[in-house]
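Letters A, B, C and D mark the chains as written, and numbering starts fresh at 1 in each.
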Amino acid sequence: MIFFRSDYSQGAHPKILDALIATNLEHTDGYALDPHSESAAQMIKDLIGRADCEVHMMVGGTPTNVITIAAALKPWEAVVATRAAHIYSHECGAVEATGHRVLTVDGVDGKLTPELIDNAWLEYEDDHTVVPKMAYISHTTESGTVYTKAELEALRKCCDAHDMYLGLDGARLGAGLTCEDTDLTIQDIARLTDAFYIGGTKNGLLLGEAVVIFDENINDHYRWMIKQNCGMLAKGRLIGVQFEALLEGGENSLFFQIGAHENAMAKKLREGIAACGYEFDGTSTTNQIFPIFPTEMVRELEKEFFFYDWAAAGEGKRVIRLVTSWGTTEEDVDAFLNALKKF
Amino acid sequence: MIFFRSDYSQGAHPKILDALIATNLEHTDGYALDPHSESAAQMIKDLIGRADCEVHMMVGGTPTNVITIAAALKPWEAVVATRAAHIYSHECGAVEATGHRVLTVDGVDGKLTPELIDNAWLEYEDDHTVVPKMAYISHTTESGTVYTKAELEALRKCCDAHDMYLGLDGARLGAGLTCEDTDLTIQDIARLTDAFYIGGTKNGLLLGEAVVIFDENINDHYRWMIKQNCGMLAKGRLIGVQFEALLEGGENSLFFQIGAHENAMAKKLREGIAACGYEFDGTSTTNQIFPIFPTEMVRELEKEFFFYDWAAAGEGKRVIRLVTSWGTTEEDVDAFLNALKKF
Amino acid sequence: MIFFRSDYSQGAHPKILDALIATNLEHTDGYALDPHSESAAQMIKDLIGRADCEVHMMVGGTPTNVITIAAALKPWEAVVATRAAHIYSHECGAVEATGHRVLTVDGVDGKLTPELIDNAWLEYEDDHTVVPKMAYISHTTESGTVYTKAELEALRKCCDAHDMYLGLDGARLGAGLTCEDTDLTIQDIARLTDAFYIGGTKNGLLLGEAVVIFDENINDHYRWMIKQNCGMLAKGRLIGVQFEALLEGGENSLFFQIGAHENAMAKKLREGIAACGYEFDGTSTTNQIFPIFPTEMVRELEKEFFFYDWAAAGEGKRVIRLVTSWGTTEEDVDAFLNALKKF
Amino acid sequence: MIFFRSDYSQGAHPKILDALIATNLEHTDGYALDPHSESAAQMIKDLIGRADCEVHMMVGGTPTNVITIAAALKPWEAVVATRAAHIYSHECGAVEATGHRVLTVDGVDGKLTPELIDNAWLEYEDDHTVVPKMAYISHTTESGTVYTKAELEALRKCCDAHDMYLGLDGARLGAGLTCEDTDLTIQDIARLTDAFYIGGTKNGLLLGEAVVIFDENINDHYRWMIKQNCGMLAKGRLIGVQFEALLEGGENSLFFQIGAHENAMAKKLREGIAACGYEFDGTSTTNQIFPIFPTEMVRELEKEFFFYDWAAAGEGKRVIRLVTSWGTTEEDVDAFLNALKKF
């Protein structure tokens, strides 16, 4: 069975694992109060070129989203996101469990837009309605698309006009920053958001994300929020050690290499599938692609390949999701493309 | 200034107030553990013809909705409602504050349908998604429309198929049960829902609603839920005393008389407005109507009448909401219709 | 049956009821956005001699406590109170339901002290522990005792030293301010607390309390908090109308008269009981007293009088609670004292 | 610097790390839906000799406690624990953040007793009070003590009498089960509790605990609770792989070996310290010990050793906490004992 199921089906990239092995016997203080976590945080500050922020080593994507949103919002405030956003569609109501509404709008090619944020405000009236206080986007989006610099600047401007925070879920930030058609840099993201995170789990780590927060309200007692929301790791340095290895070299680091590899493998898949005459749902240029196949063909492919049977696509057709990862090989891709030729 | 603002702009119907005056000096135990609250509960059981339920005297509509939903749902479960439903649109995120998602769908003429509930289930996958466990409707709806018996039976069937509860917000149940084109009785509602409430605040009481619950899971420790969610009144008998007066006489009681009066006043308004050539948003036949007027005309009317400037209705036009109440008089209606003739 | 069960066993004081009757047919806007609620708020500002506060008409004591505490605290913050405090002992976990710990200490004669607050801080360490951010007291306490001016000043000083809010539950403030041995005025309370409320339900109203908040963080979107926590009344003016009648005349108003009457009736009871040779639990000088009787005697008294069988008091003895109210008469008291003579 | 700070200051035991290395390149499904997690669960069922339970791979101790308690309790229910219990003292109000009170009692030598549970019930009255529904203990306790079989049986009996769940925090279960004076087996714990967990983080894993749940109410949708409370790991197999390695061999597995090693190192420390004439706080026979030293001596020791300066112990003395771990060596212990000889 060849896996295109997700970007988290294997363990860590070998260089990451090596870092864990190399540091395994060190004694450090717990709860991310250790030199590796500090060093990783500093590397991130250096990479984005800003010192006026806090960086925390986080255990996973959902805790990072939930804790950041809960830290940002007062009880009567809501977060605006697309209906497909991970925080709405795949976190089992975790944001609502902290008491806050995820105010949904239907995204455009997976993205939030200023117009959609304005629409969310149409529901606002007075003390009978929640206050939309944060817009939350993903980069790449859940559809594999990416924001352009102009789009992110427009969102920032819209958020400023509404006195809203802008948060960014970077679970697949590595792929987002390295896709061929993007003009958005991590420095731009640092400039334009109030909080974002650098995804590790889907970019070669065993586990872990690094959240970067610029706003002082969100930063206030953030570690208390981590602990209270079940997100603090006793051996917290594990995340720090991995991020050190991931980010060593800055712009040339493994972080960007893995993103580029994922995208390259996905591109090869995408072009091969297109060459066979199949279409796609959406316009992803990153490591998630959504080809459309006849249902019977999907059933055949499932015998050899493990992927996500995503959605119906009209009579007798299905959209499937193929995801590439740090460990996806040319051979994996060739196997899939060869399989297509049987049909 | 003549008020068509809401059905709660005056105090209590005089007969209700008389009951409070008559019982004022009685000593009873607190927290609705008194003979009046018990008697009112029994009158409701008699009216609906069922003894297999619990009836609680509640302080208001939002607490009744919130407590019933929170009592019904486990942490990972959600309630399905239209985007216009009061629990989503006008309770300041109170349901989410108890940790549960309000899973919204766009209603049809203000109503939820089995198809919409099925659509809500399309978002469900597995342990990454909340479980839609309750459908929650209003009768009358927030648009003033009413469910037919067939529609409510279809919702019940759909809920059964999905193993869902069906709850009904009866803030305006009096108007709903007495509108000229309804075939739905309070006995039907008692037969087809797991919980519903009889609205008092918008039907002549100073305050108070009576919730009727058939499901044993929802009933479990319901009074603890009332207390924990700030809904328990020390002088709880106030609600019981008022409901005794409201429901005295059963099918011929003040409860139905007030509903019928509200609808009659609204019908006179509606027909008078239509006779002047204006149109309406939606098809309400109850005590909320939504005429469409030129914006300038709305601005003029606001000088004499207090109503809700509801929404835009295309270029240069506004939808307004007019609501009639137990205290609305023929003179109030005539004044509004006469005012129309100036334009 | 003669009631010494609580201060909320009857309806409203006749003058309060008259005010409701007199205003019943007025039309006003809902949700406490009406002239009566505004006027009552202004009367309170005048009474305490401060304009730099917000005053809200609240539906009951538990919602007032819960909403004020939840408005004050961030997710990682806790409220410190005695184990007997109403917010811990009789609100069914309502504060915890908003996500906050009630950090309890054992009170001294019902009261919180600076030493006890310091003790609460001993539990604090770092990001693994909640931050005690608010001290919450009752005046009168649940034991019927009152704080002296010096005691309240010491609590204020202690709270300042710890950067804590000081909140005061004034469910029985009327009795507290009018008891014979107090040196604490409502102006003192306004000067020394960040938020307090004037209890109406236990002081002659049908229902309702008025909360006064000085701190801008607690005031921020307080009405949104009221709505979200089920505490907003549609016919909100009911509370305003009653407080107008209660506070008319300021220092000579019905509010103080009722408190004084309650205390006078309790004093007569207390002295009569003491004259019969019985002792008391605690040192209450207000409208709740806690005599100790042989258990058999308590069982006899229960046949004629309705009171709270409070706690065991050693072998064969019980503490009971007797509460006087606006409607308690000399005859009620005499009947009880006469009953004692039978034993 | 030699670490006696905690049992989580190093990475994984080498055999655990080897297992991660060996499986690193495998592709599996995420979220603990993989063969390793299944196999580890089965090994646990075999070890305890019961199949009628669910076993989940958990990311850490706090999430395990919080999710299990939140899964067990309805909104009006509380968990009873000692004031020193981790869920009260070191989880930053995480249980309360899910809406539930931690009802505290003062433990006896770190332990909960039937009498203390009975005392907790004294606070219960009616619908104004939360219902104590679960007792939650730690084994070893936060004081390093262990329950005897008779004590645990008595707690079970008490919980049955009160219709309460009994949950057990096994963060240090390995040390608890292997200490020299215990008569309690893991099979006993499985027989006497409704839920318990086998701690991995403090017993040689990088991270992870395995929770075992017997009660069907707690098991209901437990994975949804994990996800909603931020406890689901994308590469969930990491926990499974580690537990396979930890439990290989059952009663002779690394799990018990590590516990025994920790206790042996602690015993050597304890006996050495006692031989120097110092006393201890409490009666721990496991891997946390609490010697009492003069304050000045503590300040000196801190220069070479990293430990927890625990509490004051009378004039001029401090209790410190020394913790041994899988990686603690005889040399570490000797170094400490030699250092004592300087004083």
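In the analysis below, contacts are C-beta pairs under 8 Å (C-beta built on N, C-alpha and C of every residue); 3 or more make two chains touch, one makes a residue touch a chain.
Nothing here was measured: the structure is a model prediction, and the numbers come from that model.
Novice: Looking at B-C, A-B or A-C, which pair matches C-D on over half of its contact pairs by residue number?
Specialist: A-B
Novice: Would you kindly say which chain has the C-alpha centre located farthest from the C-alpha centre of subunit A?
Specialist: C
Novice: Going by the touch criterion at the top, tell me which pair is linked by more C-beta contacts: A-D or B-D.
Specialist: A-D
Novice: How many angstrom lie between the centres of subunit A and subunit D, each centre taken as the mean Cα position?
Specialist: Roughly 33 Å separates the two chain centres.
Novice: Which integer distance in Å separates the CA centroid of subunit A from that of subunit B?
Specialist: A distance of 42 Å separates the two centres.
Novice: Express in whole angstrom the distance between the two chain centres, defined as the mean CA positions of subunit B and subunit D.
Specialist: That gives a centre separation of 51 Å.
Novice: What residues in subunit A touch two or more of the other chains?
Specialist: 75-76, 91-93, 97-99, 127-128, 130, 224, 227-228, 232 - these are the residues of subunit A that touch more than one other chain.
Novice: Which subunit C residues qualify as touching subunit B in the complex?
Specialist: Residues in contact with subunit B: 1, 3, 5-6, 8-12, 14, 17, 20-21, 23-30, 59-63, 66-67, 91-94, 97-98, 201-202, 206-207, 224, 227-235, 238, 306, 327.
Novice: For subunit B, which residues count as touching subunit D in their complex?
Specialist: Answer in residue numbers: 31, 70-71, 74-76, 98-99, 127-128, 130-131, 220-221, 223-228, 232.
Novice: Report the residues of subunit B in contact with subunit A in the complex, numbered from low to high.
Specialist: The contact residues of subunit B facing subunit A are 75-76, 78, 89-93, 96-102, 104, 123, 125, 127-130.
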